[in-house]
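Taking it in order: structure first as structure tokens, then the write-up.
Here the chain labels run A, B, C and D in written order, and each chain numbers its own residues starting at 1.
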Amino acid sequence: MKEFAITITPRLYETDALGHINNATIAAWFEVVRVRFLESLVDRDPGILKQWILASVQIDFIGETFYGVDVTAKIVEATIGNTSFTLHTEMFQGDKQTVRGKAVLVHLDLASKSPARIPDDLRAKLAEL
Amino acid sequence: MKEFAITITPRLYETDALGHINNATIAAWFEVVRVRFLESLVDRDPGILKQWILASVQIDFIGETFYGVDVTAKIVEATIGNTSFTLHTEMFQGDKQTVRGKAVLVHLDLASKSPARIPDDLRAKLAEL
Amino acid sequence: MKEFAITITPRLYETDALGHINNATIAAWFEVVRVRFLESLVDRDPGILKQWILASVQIDFIGETFYGVDVTAKIVEATIGNTSFTLHTEMFQGDKQTVRGKAVLVHLDLASKSPARIPDDLRAKLAEL
Amino acid sequence: MKEFAITITPRLYETDALGHINNATIAAWFEVVRVRFLESLVDRDPGILKQWILASVQIDFIGETFYGVDVTAKIVEATIGNTSFTLHTEMFQGDKQTVRGKAVLVHLDLASKSPARIPDDLRAKLAEL
């Protein structure tokens, strides 16, 4: 089983006055790892982004995320349906897990703007995860 | 039953290249309405923010949010537990609902840094919702 | 002489770990007041935004901006050239000025994508400032 | 002469509806490269950030910055005064320069909260640039 992982170095403006990384920033990082993952399926073609609608996102904040330590953000699993799939994400600072979440993405037919079956080549790539 | 509502005017930098308000911005707006609601319980004392930990957030994107139209963000319900409560949020552009979500907040004893029972005066205020 | 002013309520995620509003947030607010001003010239038509390129921005941080106090952001002057104009901006919390800055905007001919003379009707409106 | 350079991969939420990287994002990236540079002078100790106040920033937008291409952000020069110094920054996408700017940082004595002479060891490090 493969994982998809990226490293995010927290930025000063991503902290808040409570002294840690702000929760809204974590949601933004979810987009970062999700988008990089989608682009990795198609050789970094940003055109793919128009084919996917984010239907829902769920984030559990397991521990605080701090400035000064790199974050590893992973896509650990993809559950594939007919027209949608669910990406499971985890984030870590060192050995400590800070975040667990999932996002449901719906595949869109660009002509009709309605949900469409996920193509077989993408299914094959997602299944490798 | 009362509702808590604020108006958010979308900003240009909150859009993205797909032509609508970015999903990470929506998560940030969730914080805006949640924080304003918490502050409204205590006459806008930002000190209250240290007493609450965001445990989880869930957001359903029902429709696209567009630039150029004000957003109404509402806290429509609060489900109160012992040490935590769940805030239910909805967002609208005009008559059209764009977003539905919920956030679980844990009440923290500042001395021990551990979860503590929500005080009765806050329970009374939350129950009014 | 007229001024253009908007009120911005600082958001929690706009603070940083140094305990005040982050400097990058201030730059983002510059866009907010500038865009609202441009849209006010044409009855809030966002289409106008494509006609202007931001050539440069300069911001002096006169004092810290704090969470919990509304900010008044003003366009206090517009210096009009042939194809560009300079907008002078000031921000205040209560009586205290926090920020002074200016932005140079170039008017663009949408067909040729090159700088074009600012139309007379816009000149008249800018001259009122 | 040494340069300090970092690579920034544009994020989807950093674009705007005009189809490029938003100007406020560029200002935020200025903070990223400036902070990384300051931390590099002291082995990544974030404590140093409290010793510097950003007095002003100036950014010239030379060309549009696009999604999908990594950005190289450089500190190309530091002009050292008594209690302050000016950092000159440039950004590139491939061979194309997109941004040029400078930031004035004032050194603060943490006890008195007033401007203080930049220490000799930092002067030596800045002079290497």
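In this section, a contact is a pair of C-beta atoms (placed from the backbone, for glycine too) under 8 Å apart; a residue touches a chain by one contact, two chains touch by 3 or more.
These numbers were taken from a predicted model, which means no experiment stands behind them.
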Quiz item: How would you label the chain A and chain B contact, same or different, if same means the shared numbers make up over half of all numbers there?
Solution: same
Self-check item: Interchain centroid distance [CA atoms averaged], chain B/chain D, Å
Solution: 34
Practice problem: State, to the nearest whole Å, the distance from the C-alpha centre of chain A to the C-alpha centre of chain B. | Solution: 22
Quiz item: Which integer distance in Å separates the CA centroid of chain B from that of chain C?
Solution: 29
Practice problem: Please set out, as single numbers or ranges, the residues of chain C touching at least two other chains. | Solution: 12-13, 18, 22-24, 28, 31, 49, 67
Quiz item: Which of line, ring, star, complete and other names the graph you get from chains that touch?
Solution: complete
Quiz prompt | Touch list for chain A against partner chain D, complex | solution = 11-13, 28, 31-32, 35, 44, 46, 49, 67-68
Quiz prompt | Complex interface listing, chain B residues touching chain D | solution = 12-13, 15-20, 22-25, 67
Practice problem: Sort out for me which residues of chain A touch chain B in the complex. | Solution: 18, 22-24, 27-28, 30-31, 49-50, 53-61
